[in-house]
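Take a look at the structures below.
One chain, chain A, links the two complexes that follow: it is found with chain B in the first and with chain C in the second.
Up next is the complex of A and B:
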C-alpha cells in the first residue's frame, strides 16, 4: 500500500538530512532497513501507537536545540566499579572510556566491525529489529539501523567481574545522535549493563539483545538530567531457553522520551521482567511502549511501570502481552499505574492482552489517581509533616518498580535519585 | 444430547443450569418464514434512500437528512481497526428494503396483522398478544401479573409489524411506537433528538444507517413517569441478501425511568448478511434507562459459513445531572460483531454501567466493549465484561475510559475477564485509559484463563458430563452479568450460554 503523501514527504525530508555510513559487513542490513523504513514511513500522530505522543520533533530533519545541564554533582553510578564506555553527543570517546577489555566479554566499536567482513555481530545487526517490526511497526528503529553512526558490539561469554557502563554525554546544543548497539549473551553467561546520560539534544538509540539458552542479562538505565533533550530508544530482545532478562529504566527529566521495548521469549522457561519508574514535572512527556511476545512454553513475563506526574506532565503507557498459539503455561503480568500529584497532569494508557493459547494465566491492571488521603492523614496524625508524608507515599508507590532491580546497591542508587528529585521539587 | 437425559443429577447442582444444558440444540431460530416479500431494487444510491423515505411517508426534512448522510457515507472508508476479518462486503449487492407484501397497507391494530407474521413471532417465543407475560418464561406465572407486563415492538426485516400495549402506555403518557410512526406522529420530538447522540457523520456504519434506516423503535417517557411495564423490541431478519438497518431512539425525560429489552434472531443461511443498527438514548436530569440486549443473530455454521455481520453503534447521553444508564448485553450470535455501547456522562453525578457477556464459538469473531466518557463532575462508571472463546473464535474487549479535566472526583472501575476453551481460539483485551485530572480514580483489571481443571473435576466427580460441567462453570463465570439482566432475559441468556458452547469441549 502506498504511503499517504504527508507521511512520504516527512520521511523523505528526514532521509535527505542523513547519510549512510560506509558500512562494511552491516551494509546489507542497513540497506534493507532503509527499504523497510521507506515502506512504513516515519511515524505520524495518526498511527495507532503514536496517538498519545507527538512524533514531530523526533522525525524533523534537524534536532530541536536543547540546553545543556551543567552540574558538579557526581554522575550516576560513579560509586560502582565498572567498565566505562563513553559517548559524547553520540560519538565514542576513547579518551574518556576505559580500555575495552574485561574477562568474559569482548567489546568492539561498531566502526571497527564495519570494516570487517566477518564478525559475529553481522548475524545480529538489524535482524532483531527487522523481526520486531511485526505486528507493530517501529519506523524510528529502522531509521536507526540504516543510519546509526556509532555504537558497540558486546559479546558476553562468561561472567565479567564488573558491569559494563554505557555513558552518554551531551556536549553540543544541537547534536542529533543515532547509536546502535548489539549484545549477545552466550549460554550460561551473565552480565549487567548500565546506561546513563542524556546523550544528545536528540537521541535515537537501538539496542539488539540476543540471550542464548541459560544466559542472563541485567539492564539498568537512567536517562539523564538534561531537561530539554528528546529521546526515542528501542530495545529488541530475543530470549532462549531458561534465559533471564531484567530491565529497569529510570526517567526523571526530558521534554520527550519514548522508550520502546520488544521482548520475544522464544525458548521454554525463559523469564523476562521489564520495569520502569518515571517522575515528571512540568513540560515532560514520557512514553513507555512495551511488547512482550510469548512464543514458547512455560515462560514468565512481568511488566511493571509506575509514573508520578505533576505540573502538567504527561505519562503514556502502551503495553501488550501477546501469547502465540502453543505458548502454553504462560504466566504474563502487567501493571501500569500513575500517581497524579495535581490536576494538570495526565496519564494515558493502553494496556493490551492478545492471547491465542488456553492454558495461560495472564492479567493486567492499570490505575490512576491522586495520593491516598487516608494514608496521608494517617502519617500526619503520627506527626509526619505533609510534604514528607507525600514524599514517603510517592516513594512507596514507586517501590514496586524499583524492586525489579535485583542488585540491592543499584536499587539504592535509584531510590536516592528519586529522593533527590522529590527534595528538589518541594 | 441423548446421553444427557440419562444423567443422574446429584444434589447441589443448580437445576436451571442442568435444564439449560439439556435443552440445547443447534441454532434454534434458524428456520425461515415463507412469506411473500416486496423488495427495493438491490444496491444503495440516492434513489433508494428516497424510496425508503417514501415508503415510510416521511416529511421532507427527514428525506434531506438521509440524503445528506448518504452523501457523506460515499466519502467514508470502512473501519479496519477492529480485530476481525471478513471478506470485503459489496454494499451494492444487497437489498436495503424488504417488507412482507401483507404489510403494504399498514394494519390498524394487531388483529389485522398477517397471521403468518404473528405465527413467526409466536414460534420465536414472542407472541404479539397483549398477554401478561412472555411465553416460555418459567416461574413467571407466580409473579404478580401487573409487574411482569412487557410491551413488544416487532420488527420484521425492514418494517415494524406491530406494537403491543400502546393504549395502556399512552395512558401513562409513554410513547412507544415504531420510529417511522414517530417521524409522522411526533416530528417535533424526533427532530429535536435524532442524531444528537450519534450524529449522522459518526462512523461508516452509523452514517450508512442514517441514510437507509427503515424502521426501529421510538420511546419517549415524559417527566416524572416510571414506565409501567418493560418495553421490548424484537428484531427478526428473514429475507435473504437483505441488510437490516434499524434505528432506535429512546428519550427519558426528567425524573423518568424505563427498562428496555432487545432481542434478535435470523434464519440459517450460507451467505453472510449485514446488520447495521444505531441506538440513541437521551437521559435527562434524574432519569434512568436500563437497556438490555440478548443478541442471537445466526452465528454461521460450524465451518464459519454464513452468519450475520453485526456492526452496531449504540450510545447513551446522560445529559442531565444525576442521570443513569445501564447497558447489559449478552452477545452470543453473529459471525462478526462490532459493537461498543457507550455512555457520555455529561451531567454532574451521572452514572454509566456496562455489563457484557460475549461468547464466540466456531469461527465467530467478536470485537466489543464500551466507551465511558466522563465530562461531568463526580460521575461514576463501572464496566464488567466477560468474554468466552471456544472453537476457532476470536473475542476482543475494546474499551475507552476517558476522564476529562473538568470531570473532577469521578470514578471508574473496569473488570474484564476472558475464558478460553480450547487451544485454537483467542481472547484479547484492548483498553484505552485517558485520565486528565487527578481527583478521579480509574482502575482497570483484566485476566485471561482457562476453565479451571479443579472445578471441572469437581463437577465430573458429581456425575456431570464434561459439557454440562463446562456450562456450569461458564455460567458461574458470567454470574455478575447475568444478575444484571431483567428476569425474562436472564433465563434466556443462561440457556444461550450453554447452547453457544455446545460442541466446544472434547
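Up next is the complex of A and C:
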C-alpha cells in the first residue's frame, strides 16, 4: 500500500539529510532497512503507537538544537570499576575510552566488523530489528540500521570482571547522532552493560542483543538529565533457553524520550525483566513502549514502570505481552504506575495482553495517582516536614522499579540519583 | 499542659458539626481517659489536635504549654510535643520502618534546635526500646506497618512514641483489635513512659484498657461534648451500665 503523501514527504525530507555510510559488509542490511523504512514511512501522530508521543522533532530533517547541560555533578557510575567506551556526539572516542580489552568479552567498533570478519556481528546486524518490525512497526529503528554512523559489537564469551560502560557525551548543540550496537552473549556467559549520558541533541540508538542458551545480560541505563535533549532508543532482544535479560532505565528530565524495547523469548525457561523509573518536570515527555513476545514454554517476563511527574510533565506507557500459541506455562507480569505531583501533569497508559495459549498466568495493571494523603499525614504527624515526607513517599513509589536491579550497589546509585533529583526539585 | 477551650469543629466537606464545645485540661504527669459511644467525636478530637486535614475549627482554642496548636502544621505540633497513636496505623510500602523512625527523630530534634542523633546512638536506643515491646529486628527492617498484625502495628506506634518522647501522648483506641496479651504489652509500654513531665489522653471504648493504664481522670464524651468527668470509678460505671444511664442523667 502506498504511503500517505504527507508521510512520504516527511520521510523523504528526512532521508535527504542523511547519507548512508560506506559500510562494506553491512551495506546489504542497511539497504534492506532503508527499503523497510520507505515502506513504513517515518512515524506520524496518526500511527497507533505514536498517538501519545509527538514524533515531529524525532523525524524532522535536522535535530532541534539543545543547549549543553553544564554541571559539576559527578558523572553517573563514576564510583564503579568499569570498562569505559565513550562516544562524543555519536562518534567513538578512543582517547576518552579505556583500552577495549577485558577477559571474557571482545569489543569492536562497528566499522571494523567487516575487515575483521566478525561473523556473528555481520549476521546479527539489522536482523533482530527487522524481525521486530512485526506486528508493530518501529520505523526509527529501521532508519537507525540504515544510517547508523557508529557503534560497537560486544561479544561476551565469559564472565567479564567488570561492567561494560557505554558513555554518551553531548558536545555540540546541534548534534544528531545515530548509534547501533550489536551484542552477542554466548551460552553460559554473563555481562553487565551500563549506559549513560545524553549523547547528542538528538539521539537515535539501536541495540540488538542476542542471548544464547543460558546466557545472562544485565543492563542498567541512566539517560542524561539534560533538559533539552531528545532521544529515541530501541532495544531488540532475542533470548535462548534459560537465558536471562534484566534491563533497567532511569530517566531524569530530557525534553523528549522514547524508549522502545522488543523482547522475544524464543527458548524455554527464559527470564526477561524490563523496568524503568522516570522522574519528569515541566516540559518533559517520556514514553516507554515495550513489546514482549513469549514464543517458548515456561518463560517469565516482568515489566515494571514507575513515573513521577510534576509541573505539567507527561509520561506514556505502552506495553504488550504477546503469548504465542504453544507458549504454555508463561508467567507474564506488567505494571505501570504514575505518581502525579500536581494537576497539570499527565500519564497515558496502554497496557495490552494478547494470549493464544491456554495454560498461562498473565497480569497487568496500570494506575495513576497523587501522593497518598493518609500516609503523608502519618509521616508529618511524626514530625517529618511535608517536603521531606513527600520525597520519602515518592522514593517509596519508585522503589518497586529500582528493586528490579539485581546488583545492590547499582541500585543504590540509582536511588541516590533520585534523591538528588528530589532535593533539587528539578 | 494541654488546654482545650470551647472547641467547635465541623467537617470541611459536609456541613456537619462534630465537636460542639469541648473543654478539657490535661496537666503534666496526668492520664486522662475519654470514653464515649460511637460517633461522639472522640477520634475527631484526636485528629484535630494532631492537625489532620478535613476539619474546620469554627470556635475555641487548643494550646500546649500556652502555644496555639491549631495554628501549627502537623509536623510543628509533633515537634512541639504532640503525639497521636493512630487507631489505624498507616501502611507505607517502600519506606523502611527504621529509616522512617530515624528521619522522624532527627526532624524533631532539628526543629527543636538539637543536633541529629548519631547512627550508633539511634540504633542502640531503638534496639533497647524495641526489645521492651517485643519488636524483633526483622520487624524494624520491614516497610512501615506493611504486613504487620494488628498487635504489631499498635506496638510499633508505642515504639514511635517511646523514641519521639512527646510531651502529650494521645492514644486513639489503641486497644482496638488487640488480644489480652497484646494489650498488656502495649499498656506496659505506655506505663513505662509515664512521668511527671508528660500528659496522656487515652481514648477508648472499653474500660479494660484502663485496667492496665490507670487513669487519673475519666471523661465521658457524647454528641461532641464532654458530658461528665470523674475518677477511675466512672469507667467502671460505664462498664457495668453502659452509656445510657449517664446520658439520660446528663440530658
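A few comments on the model shown:
Basically, the second predicted complex is superposed on the first by the 420 of 426 C-alpha atoms of A that agree within 3 Å, B and C clash if a C-alpha of one lies under 4 Å from a C-alpha of the other, contacts with A are read in each partner's own complex, and residues count from 1 in each chain.
Methods note: a residue touches a chain if its C-beta (ideal position, glycine included) is under 8 Å from a C-beta of that chain, and two chains touch if they have at least 3 such contacts.
Every value quoted in this text rests on a predicted model; they were computed, and no experiment measured them.
In the superposition on chain A, A:39 makes contact with neither chain B nor chain C. Using the contact criterion defined above for the overlaid structures, shared-chain residue A:60 touches neither chain B nor chain C, since it reaches no partner.
When both complexes are overlaid on chain A, the residue A:328 reaches chain B alone and has no touch with chain C. Once the two complexes are laid over each other on the shared chain, residue contacts for A:379 go to chain C alone; chain B is not touched.
In the superposition on chain A, contact of A:352 is made with chain B only, not with chain C. Contacts of A:131 after superposition: neither chain B nor chain C is touched. Comparing chain B with chain C, the partner in contact with more residues of chain A is B.
By the touch criterion defined above, A:388 lies against chain C but remains apart from chain B after alignment on the C-alpha atoms of chain A. Looking at the shared chain after the overlay, A:399 reaches chain C, while chain B stays out of its contact range. Contacts from chain A toward chain B in the complex involve residues 48, 325-326, 328, 338, 340-343, 345-370. Within the complex, the chain A residues that touch chain C are 373-375, 377-386, 388-389, 392-393, 395-400.
Those residues of chain C whose C-beta lies close enough to touch chain A in the complex are 50-53, 73-75, 77-79, 83-84, 86, 89-90, 92-95, 99-100, 103-105, 107-108, 111, 143, 160, 164.
Within the complex formed with chain A, the residues of chain B that make contact are 81, 403, 405, 408, 418, 420-450.
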